[in-house]
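The two complexes that follow have subunit A in common; it is paired with subunit B in the first and with subunit C in the second.
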Partner chain A sequence: MIFSRLSKNRKEAEGLRRLLVRTDERPLEYAVMGFQAACLILLSLKDGALDTFTLAMAFALPIGTFLGLKLIARFWPVDRQMYLLTMFLCSLSVILLRAVFKSTAKAETQALYLLPGFAALLIGIAVPRLFTGREVIIKLAMPLFAALMLLPFGFTTSSAARSWVRLGSMQFQPSELLKPALVLVLASGFSWERKLKGWIAYMIFGASLCAILLVQRDLGAMLLYFMLIMAMFTAGTGKWRLSLLAILIAAGLGVLFVSVSDRVEGFGYIATRIDIWKSPFSGKHEESRQIVQGLMSVSSGGLFGAGLGLSYARKVAVVGSDYIFAAVCEEFGMLFALAVILIYALLAVLGMRQAMNARSRFHALLAFGCAFEIFSQMLLIVSGNLNILPLTGVTLPFVSEGGSSLMGSMLMMGMMLGVSSINAQDEYDDLMRLTSGRGRGR
Partner chain B sequence: MKQTRRLIRLFSLALCAVAVLVAVTYVTMVRTNSDRWLNSAQNVRLQEARKNTRQGTVYDSAMTRLAWSDAVGERSYIDDKSVRLAMSHTIGDQKGMSETGVENRHATTLLGLNDITGRDKTIQRLMGGDPVGYDIVLTVNAEMCAYAASLFPTGSRGALAIINYKTGAVLAKVSLPAFDPADMSAYVEDTSYYDRVLQYRYAPGSTFKIVTLTSALENIPGVASKTFSCESVWSFAGSTIRCAGGKAHGSINLNKAFSESCNVTFAKLAYEIGASNLKTTAENFAFNDNFLFEDIVLYPSGCLSVSQSVSEVIQTGFGQGTTQATPLHMAMIAGAIANGGEMMEPRLIREVRRQNGGSVSHMTPRLYKRVTDADTAREVAYYMYQAVQSGTGTAARISGYSGRVCGKTGSAETTNDKEAATNAWYVGFLYGDEEHPYAIAVIVEQGGSGGSAAAPIASKALKKAIELNLY
Partner chain C sequence: MSPETYEKAAVLMRYPLAVAGLFIALRALYMTVKDGYRAGKLRQGELRYGAVAMLTVVPADKRGKAQKLPVGRNGCIGSSTRSDVRIKGMGLKSRHFDYEIRSSQMHISPVAADDLSLLGKRAGEEIRGTLVLSPGDKLLAGKAVISFQMLKLPKSSTSPMNSKVYSAKGKRE
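Entry: the complex of A and B
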């Protein structure tokens, strides 16, 4: 295993990093740590009395970011920029939840979630290596994943939130955790099977997950799953005409469904949502309050924001998960919010670069799927917050409050990092082979 | 594998493009809408800011203080009650009852919340003290408004708007009944808080013939030399068109039909023009537009948007049926004819200032849209001149004024009951007077005929405006 090999040769590992990272990521590292510390120290002093939790976080988050990087880099030569940007987004979550709400409760919970989140990241990094050449395991796991998706039917009592599983005081959303699983399944399916016949099983798997989500009325998640499946099918099989056809058919069915949705039991809210989307300020629907307050929040920040903890974003319903981007806009201002959109695009592009550099189709599809999923999810919720698209209740990856979403996103980010470390390893081997013939070989 | 890489590269390019698209949409959306969104009564930031901000002062165009705040933040209004009432819809209120007044529609300015770059806010924080807002200088003249309000019969409902058609500046704006911003607890009837100039959509009646005439001149070659016949009643396509007072105009040319306001002729014209051409002209005149003006909330006017049946088209010819327009929009239509076919965006705010001096922004005239070509506009203006000289609008003539007064009266039916009093309209302008480029719209609800109830008000109001030399 690569663990032992690298830990024995620490000097070599450092040389490897220098060779392969090529850019010096330390300025970014210091910038992220500085941002975390500065924001949280300011917030801890805001209410007059010193807020010890926030002050503790002002030290814990930068140190955690730093140590996390040291820990990961000790074992895997991952792309450090991606790691640092991820940590930036995760800490933005804690900072925003502390700034927007008067109590520290939500920020505390979210900070606590960062620990399993980091563990998920580590697991994610190991995933590409663990499953390379083990397609049978993935194939066998498919029914398990589907069963996991069906869990909410057995565990929930409330009809409003049918996509959640409650276990005592704990609750989680399987659809969030299954996103990385779906990427894994499809990446292995489209890389090992090279014929249409072989793909069918995987497409049926994907379609059935979408169907389950439809029954659970989680249309946002369903849309994300569908887009992910189509993107991975296109990239994996190269049959772009076929996927274009499928997308057109699905779009047609979607329009048809939306137009009759007011007559379908339980889907009457779709027409309302679309009505609100078209004219949010008409005041016709009680539910438009959320989007009205959200749009006010978005446009209240000006260029540089109202200031940390000085916004009224808390007036927006469920600002912590659905409308966290509005809070970004109001607290930090338009320039910062644009930078956040840019950071997601950058993360996706970095991930796709790793996908293009990957030596095997499995790794390429793995990194591509994760990058695509995280970006499209950001796009869906940001467009929803800005009223460019009707609002769907998906989360902003890494930033929205909530554990399931963080775990899912961290697993996917970890998988991208894992692929990046495999790429670095391969490249290192090539270089070694070329210079001194010491390479590991394949 | 090679193909996979190529497709992934394509995906990453597409993704960057989408990210840029969302970013650009975000910026343009906030730029165009934030002002309107933030000045809604639902914005909690306004109430919160009112608690600790020293709001800006509202001045009229003659720099008379209309509303101001003292050091404690208490809001005061001008002493003269007649001015306060006449200006109530323009000033607005602190309680959020009015939607269109400056204290509501421009609350963020008065509270200093629209400081996008944060420059003034930062300076204030460094200097210490309570936050302060910006002062607003209106284009509206308070004396003019008070006088205009006094011209309406006591207890009547109605509206009046005078605009400068060259700059779009709203010079006078009166809506009756009014409310008193200084005494919001006093009882007023429900509709008092609505600004009839901006928020009431009335059937324009015969004043719409300006639009039908323009459309006829544009679409029917040689229409000006044609003769029409009017037997006072014309039954067609299931509707019966009558001329006012059962008058038969007989054989009549276009010029005369306009100045005598012959409904039958204009119904026939509308039929000849056809639904789609008439709708196009009306939309050139900004009907069915979602007005998103920077300074003013103006409710959209409607024309042929509900139905386009033959009966609807011929009714539209003389401004009945489902045709609806706000008084300010009618003034803008008249102004566009006077201005050679160019409709200016209506403006309400002459200047935004810092409380310690210094200007933040100045009004600059903005073209809203071109409604017709200059030749057609000149011809329509001539017809409107004839209507005042020798037609239904003779009462609009201004004694002692040497310039050309042009206009069109209207008596719009509001119910099917033929006995009910009609809404009296007058829409017009002073033509070719560089110093007094005024366009006016007057409506007296249930005032009877436009020529006798609205035109005299317009005459007196314009005379006063000339005396005050408003610009």
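Entry: the complex of A and C
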């Protein structure tokens, strides 16, 4: 319709339509919906008697994916491919938790988390559309974010993990929720500040978060935060030599710390983890059981998997969050697992593309930071599951069990989608301007 | 369903589910690559729809994000939505200056701008009234360094829009 307005020549209108409209996402949409329905219908029959909750999810998830896309696309011209891939990964979480565990409790909880997760996605879309990065509120929010990170010290759980906050029956992990906040603050700081003294405040903010995580003994999250800060600093300022120097100093300090970690109270587990990583099958440490079982789980799936619900992945400790990738390999097989890794890589590529097409530095850095964070987190956890790197305890974005992880990931994906919608509108404005002779802007 | 029947069904479903996962990943890859080509063709398509030049906008401190914007024969450059070419965040006024491209040169008439200056080879040149830029000349407006290059029109252009001549106010003559 708009294409015929732009050109009366039918061939030209069709040509313009092809240029403006992206590749049809419907085959991808139907494939995702079909996959969700097929898996959950099969799983509803797993326990002999029909599981009504799983059967209900078999219809609710595909319909929710479809309606969610219609709702979002009604208001914003977001990148639909990114949304569909995200929904595929989110539904994979529910499917795996239902398949791996005999009880439906974990799958039900994760399915319920999808609702606030979708709300977080919508909030994330709104963020780049509302903020330009110059808002004082972003700077003023930095102490609040640091205070949130300190919450676990006041609300420690009974377990050794000091990065969780327990409020009654609920618990959440501030470090997961603060990742998108960190991306927002750093994007604001490095896009508008031009000099070193302007960047220092943001570097101090990032360093303080890393220090808090170190005290909380959440080294996986600390590593992710550090990598994100360095990446955004380099991308935002271009000072790659400074970044390289900081990384080398941090690496040196890290090696030194690891070598003396067994003498530092509360950090003795680091030396054990390194030892287990080097020789997981030696049997020297009780903790190596998790890694050995994880590796066996990965390998026993073969190319096509054991079959949905037929794996023994539940025998792996903390399989729902730390070893979910091993569960993917055992349930669905290596081919499917490679497809999942490819999907994460595509999400990163799409995020980087939005960053390169953004018309403002703030939006470019925002998209870059979110894409980098999601991809690096995936790399860390998959490497840990495959024993390429020591296990760090971070989660697989969208797929791992847990509300905090899902909220944080959905917020970041929402911000990337928000930037994509701004880029699409700018592109449309370009062409409208060219064809009508007057700009319409936004 | 008995456990044995479920087991047979689950084992059989391994293959279609793996294929579904691969299809989703490969279809997404195909879409990503194709949309990348589309963006390149969009640039070529812009020629058929009235773009005559490519404006390059670089932040003056060289630490920002450069942009390349296709532009038509004439319009207004500024920071607001009322401008034809909107350049945000580089210190431009809402409607900074008007431009018109004639005979491969850009004629600039300041609207609200009082800070235009030339850089490079023409640095120090006094600006009075209308300024004429050739491709490659650099103009400092606000905190943006603006230059332009003419786009090469395709030899056989069937678009009627390429034959239209617009006045400075955007009306067809």
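Everything below uses one rule, namely that the second predicted complex is superposed on the first by the 412 of 442 C-alpha atoms of A that agree within 3 Å, B and C clash if a C-alpha of one lies under 4 Å from a C-alpha of the other, contacts with A are read in each partner's own complex, and residues count from 1 in each chain.
Keep this in mind: a residue touches a chain if its C-beta (ideal position, glycine included) is under 8 Å from a C-beta of that chain, and two chains touch if they have at least 3 such contacts.
The structure presented is a predicted model; accordingly, all values stated were derived computationally and were not measured.
Contact with subunit C, but none with subunit B, is seen for A:R194 once the two complexes are overlaid on the shared chain. By the touch criterion defined above, A:I388 reaches subunit B but does not reach subunit C.
Once the two complexes are laid over each other on the shared chain, residue contacts for A:V292 go to subunit B alone; subunit C is not touched.
Of the two partner chains placed by the overlay, subunit B and subunit C both lie in contact with A:F304.
In the superposed model, A:K315 lies in contact with subunit B only, and not with subunit C. Contacts of A:W240 after superposition: subunit B is touched, whereas subunit C is not reached. Once the two complexes are overlaid on the shared chain, A:M352 sits against subunit B while remaining clear of subunit C. Taking subunit B and subunit C in turn and counting the residues of subunit A each one touches, the greater count comes from C.
Shared interface residues of subunit A (contacting subunit B in one complex, subunit C in the other): 238, 303-304, 338, 342, 349, 353, 361, 364. On the subunit B side of its complex with subunit A, the touching residues are 1, 3-5, 7-9, 11-12, 15-16, 18-19, 22-23, 25-27, 29-30, 33-34, 37-38, 40, 42-45, 48, 113, 115-118.
On subunit A, the positions that touch subunit B within their shared complex are 231, 234-236, 238, 240, 281, 289, 292-293, 295-296, 298-300, 302-304, 312, 315, 334, 337-338, 341-342, 344-345, 348-349, 352-353, 355-356, 361, 364-365, 368, 371-372, 375, 379, 382-383, 386-388.
Contact residues of subunit A toward subunit C in the complex are 6-7, 9, 12, 15-16, 18-20, 22-23, 25, 27-28, 31-32, 34-35, 38-39, 42, 45-46, 48, 81, 84-85, 88, 132, 194, 237-238, 303-310, 332-333, 335-336, 338-340, 342-343, 346, 349-350, 353, 357-361, 364, 427, 429-431, 433-435, 437-442.
Interface of subunit C with subunit A (complex): residues 1-3, 6-7, 9-11, 13-18, 20-32, 34-36, 38-39, 41-42, 45-46, 48-51, 61, 63-65, 67, 69-72, 74-76, 80-86, 88-89, 158-161, 166, 170.
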